[in-house]
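Right after this note come the structures.
Note that chain A is present in both complexes that follow, paired respectively with chain B and with chain C.
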Partner chain A sequence: MKKALTLALGILTSVGGFFDVGNIATCTQAGARFRFQLIWAMLLATIVVIFLVEMSGRFAAVTGKALPDAIREHFGFGFWLVPFVILTLIHILVIAAEIGGMSFALHLVTGLPLPLFALPSAILVWLFLWRSTFSAIENSTSFLGLITLCFVAAAVWLRPPIHEVLRGSLPSMPSGSAANYWYIAVSIVGAVIAPFLFYFFSSGAVEVGWDRSYIPVNRAVAVIGMGFGSVISIAAIIVAGAVLAPRGIRVDDFHQAALMLTQAFPHWGFALFAVSMGVACFGAAVEVALSTSYTFAQTFGWNWGEDLDPAEDARFTLVYTVSLFVGSLFVLVGFDPLKLTLLTMFISAAVLPFVAAPMLLLMNDRMLLRDASNGIISNIAAALIVVMTLVLAVVSIPLAVMGGS
Partner chain B sequence: MPEELEIIRDLLDKQLVDREETKMGRADGIVLALDGDGPPRIDRLELGFVVLARRMHPKVEKWFEALRRRWSVRKSARQMVPWSKVLDITPKHIQLDVNALETPAFDWERWLRDHIVTKIPGANGE
Partner chain C sequence: MRRLYFFFAIALLACSHKTADQQLIDAADPAASWMATLQLTGEKWLDNSVPSSFVRATIGAAQKAFDKTSGTIAQSQARKELRDEIKRELETARAAAGDLQQAIEKNDRRTATGAVRRFAEASAALQRLQQQKNRE
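The block that comes next holds the complex of A and B.
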């Protein structure tokens, strides 16, 4: 029973890391501009993320170590330093984007100016981290995250043409601007395969004390948890494709996305969107802030754990406190949440090889994992993933320049 | 304790824990001693930002030294743990015969705890 409950870790990782401000942005843009044509990109990203999450969980279950810990230990400080610094910047930018998303949700509900909510949102996340234990965070966030299922309800209610949805599940040539099409395809993949997802998931598995006996559970958690995020994201593409695209609404601003649920739920569609966005961004902010602390503590070998009281791991606590504060400043000074989100996704797509390549090597280290090291299927997948992340890293910057409008 | 160790693979950058298994930093540096004609032996492990900085560049080390002198929370920039304090080496960590709370590795932790964290309500989880 206890093992069945650990599903919450997967759902939490998914609510936080999968369906967050980045996904809301890319899915609604994809649907609004190319209807169902980009569903394949989400499916591809889902398969990739399931493999990588499964590997990071298996690694933690067998070695009792999370990924940042193992990367510093096995590749040395010199190797880890550059990705560590870049990832810290990404962590802070993502926190900024999620706080932007939360502030936007509060702005939608109240009508007050968005930057006003930057500090309160950051403080809300901080209070939650300050007072909670890991399992409380796990359970409450995954429970709240169920609200995002309203996208699935809307997608079903709208009765999209099934053959078109199925055709979108396979890659095809774009019906409109090619640069824009590939730009959104890359940003979908970049939004889903967020580097912190794996650091968070493996650290979480260490926090809840997984051991070898959790290997099958881990597999189920990876598939179901990430599947959950994927179904909601695909539903968001379908809703945007069915509602926004026919009206020619291009999502250049989150306000335009906020209308997408009103066709299915005339009275409370607007509120549902705001609440879903608020909850998803809150979950993500919690996850990313924790991930920042995990990465720092493990890099320098500090005492760490969300289950310890703040007085027992002061440095761990300090890292998430400072990151949340710095992140909220971006929103406070008026950075547009959508632009911030898109920028962050492209930077994180560019550093993915630094995340994927060490993981592939660690997963094949038989001195560490013995019989639990990667099998042939995982290795083929991992090799393809590394190649894919390299391609993404190379194309992301030029695409961001060419296709960004 | 394993019979053979590879210094880089099995010791450098590894997690250090104290008697109570409290995490207290990583093996940021390893110092060998050469005395007389005998083979070199491991003299001590070193911990601290300055030790890491030195691995990058002597200039960076100087900066960190200067920073530390400016805000001298830590009594010494590098903490040295003689090899004789090593209790056990497992795949997970290196266990040392010390109490982490009393070592310089915890200077910052202690300072933050006493000056900032415990000043905020709820830090002790009551």
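The block that comes next holds the complex of A and C.
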């Protein structure tokens, strides 16, 4: 019974947690610019993230250790230092992007200038982290995140041409600028395979006390949860492709994306977009801030745990406090939230080899994982993931120059 | 790795070789997108689907894009007729944006409807230029 509940909650968490500012930005850009042609990028990224999340959960369930902790212990502090620094920078940028998304949602609702909401958004996230337990965070943000299912409802209501949607599930030559097409494809991959996701997932599994008996639950959560989450993102591509693309509206600013639900829901669409964005970004900001603290605490061997009283893990608490404050500064000084998000997603894709490779190496350690180490299928997938992330890292800079405008 | 980036730099230069006319039409693309955005925003305001504050903010964001395109036109080496045509559509959109702004302050639905129609015409004119360029 407990495991069934864990499974249900895990799936809900994944559905609610999958969709964040990165997905909103990249999916709406993809749909508005190339209609349904980039659905394949989302499908590819989903398959990769399912493998990575499954591995990180399995690792935590078998060893009782979270990934940063294990990588540092296994390969040494010197080896972990580079991924740790990169991961920390990405964490801060993602927090800034999520706070930007929350602030934009509040700007939509109130009409007040966006930077005004930077600090209040950060304080809201901080208060939630300060007062809540891990389970409360996991459950409440995931239930609230279900509002993003409105994108699926809109996609169904709009009745897109099925043959075009299916054709978009396979890679094809772009109908417009090739550089922009590949730039958005790489950004989609960066938005879905967020490095914080698997580090957070493994730390969360340790926090709630998963053991070997949770391996099947972990697998189901990874496949079903991420699969459903991906459906919401694909729905966002479809809605943007059906509403914005035919009118020649590109998404150069979140104001343009805010109109996408008004065709399916004339009186609620605008509010639904604002609430979806606010809730999705709030949930993601909470997860990323926690992930930053987990990574720091496990790297330096501090006390850690969201269920502990802040006085018991003061340094853990200090890390998310500082991260949220620094993240909010980006929005406060006037960084455009969409540009900040796209840049962050792009950098996320470029640094994937540094954060994914140590984990994939560890998953093959038979001394540590015994019969739960990677099998042939997982290793083939891991090899393909490493190759894909290396290609992304190499092509990212020229693509950013050519297609980022 | 250096060779690889050198290769990409060469490819970048090769790809970026466009005529001044093509460069100007590309630079006007965001402006066309903003005109279409203002058209949809105006339509949704007339349907009571979006609040006035959102229309105001969207007009502000569009004006920045129009300013940027104006700057590009001023520096462009493209044919004069092309520059004049884009400038004309841009001025139409600017004037319509001003009218829409006033219309929402006064809740004047007739003026707003007129502004929406002018956004549609200006956006269609720029999109036609883009299509012509793609055919050439």
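Everything that follows uses one rule, which is that the second predicted complex is superposed on the first by the 394 of 405 C-alpha atoms of A that agree within 3 Å, B and C clash if a C-alpha of one lies under 4 Å from a C-alpha of the other, contacts with A are read in each partner's own complex, and residues count from 1 in each chain.
Simple rule for what comes next: contacts are C-beta pairs under 8 Å (C-beta built on N, C-alpha and C of every residue); 3 or more make two chains touch, one makes a residue touch a chain.
It should be emphasised that the depicted structure is a prediction, and the values quoted were computed from it without experimental measurement.
K.L.:
Who does A:F270 touch here: chain B (first), chain C (second), both, or neither?
P.N.:
second
K.L.:
With both complexes superposed on chain A, which partner does A:L368 reach: first (chain B), second (chain C), both or neither?
P.N.:
A:L368: touches chain B, not chain C.
K.L.:
So, A:G301: does it touch chain B (first), chain C (second), both, or neither?
P.N.:
First partner only, chain B.
K.L.:
Just to be sure I read the superposition right, which of the two partners does A:P398 touch: chain B = first, chain C = second, or both, or neither?
P.N.:
So A:P398 only meets chain C here.
K.L.:
Pick one for A:I249: touches chain B only (first), chain C only (second), both, or neither.
P.N.:
The second partner, chain C, only.
K.L.:
Please write out, lowest number first, the residues of chain A touched by both chain B and chain C across the two complexes.
P.N.:
Touching chain B in the first complex and chain C in the second, no residue of chain A appears in both lists.
K.L.:
Contact residues on chain B for chain A in the complex?
P.N.:
Touching chain A: residues 8-9, 12-16, 22-26, 28, 52, 55-56, 91-92, 100, 108-110, 112-113, 116-118, 120, 122-125 of chain B.
K.L.:
Applying the document's contact rule, which stretches of chain C touch chain A when the two form their complex?
P.N.:
Residues 1, 4-5, 8-9, 11-12, 15-16, 29-30, 32-34, 36-37, 39-41, 44, 47-54, 56-58, 61, 65, 123, 127.
K.L.:
Given the complex with chain C, which residues does chain A contribute to the contact?
P.N.:
107-108, 110-111, 179, 247-250, 252-253, 255-256, 258-259, 262, 266-267, 269-270, 394, 397-398, 401-402
K.L.:
Hey, which residues of chain A end up touching chain B in the complex?
P.N.:
63-65, 69, 72-74, 76-78, 81, 130-131, 297, 300-304, 309-311, 313-315, 317-318, 368
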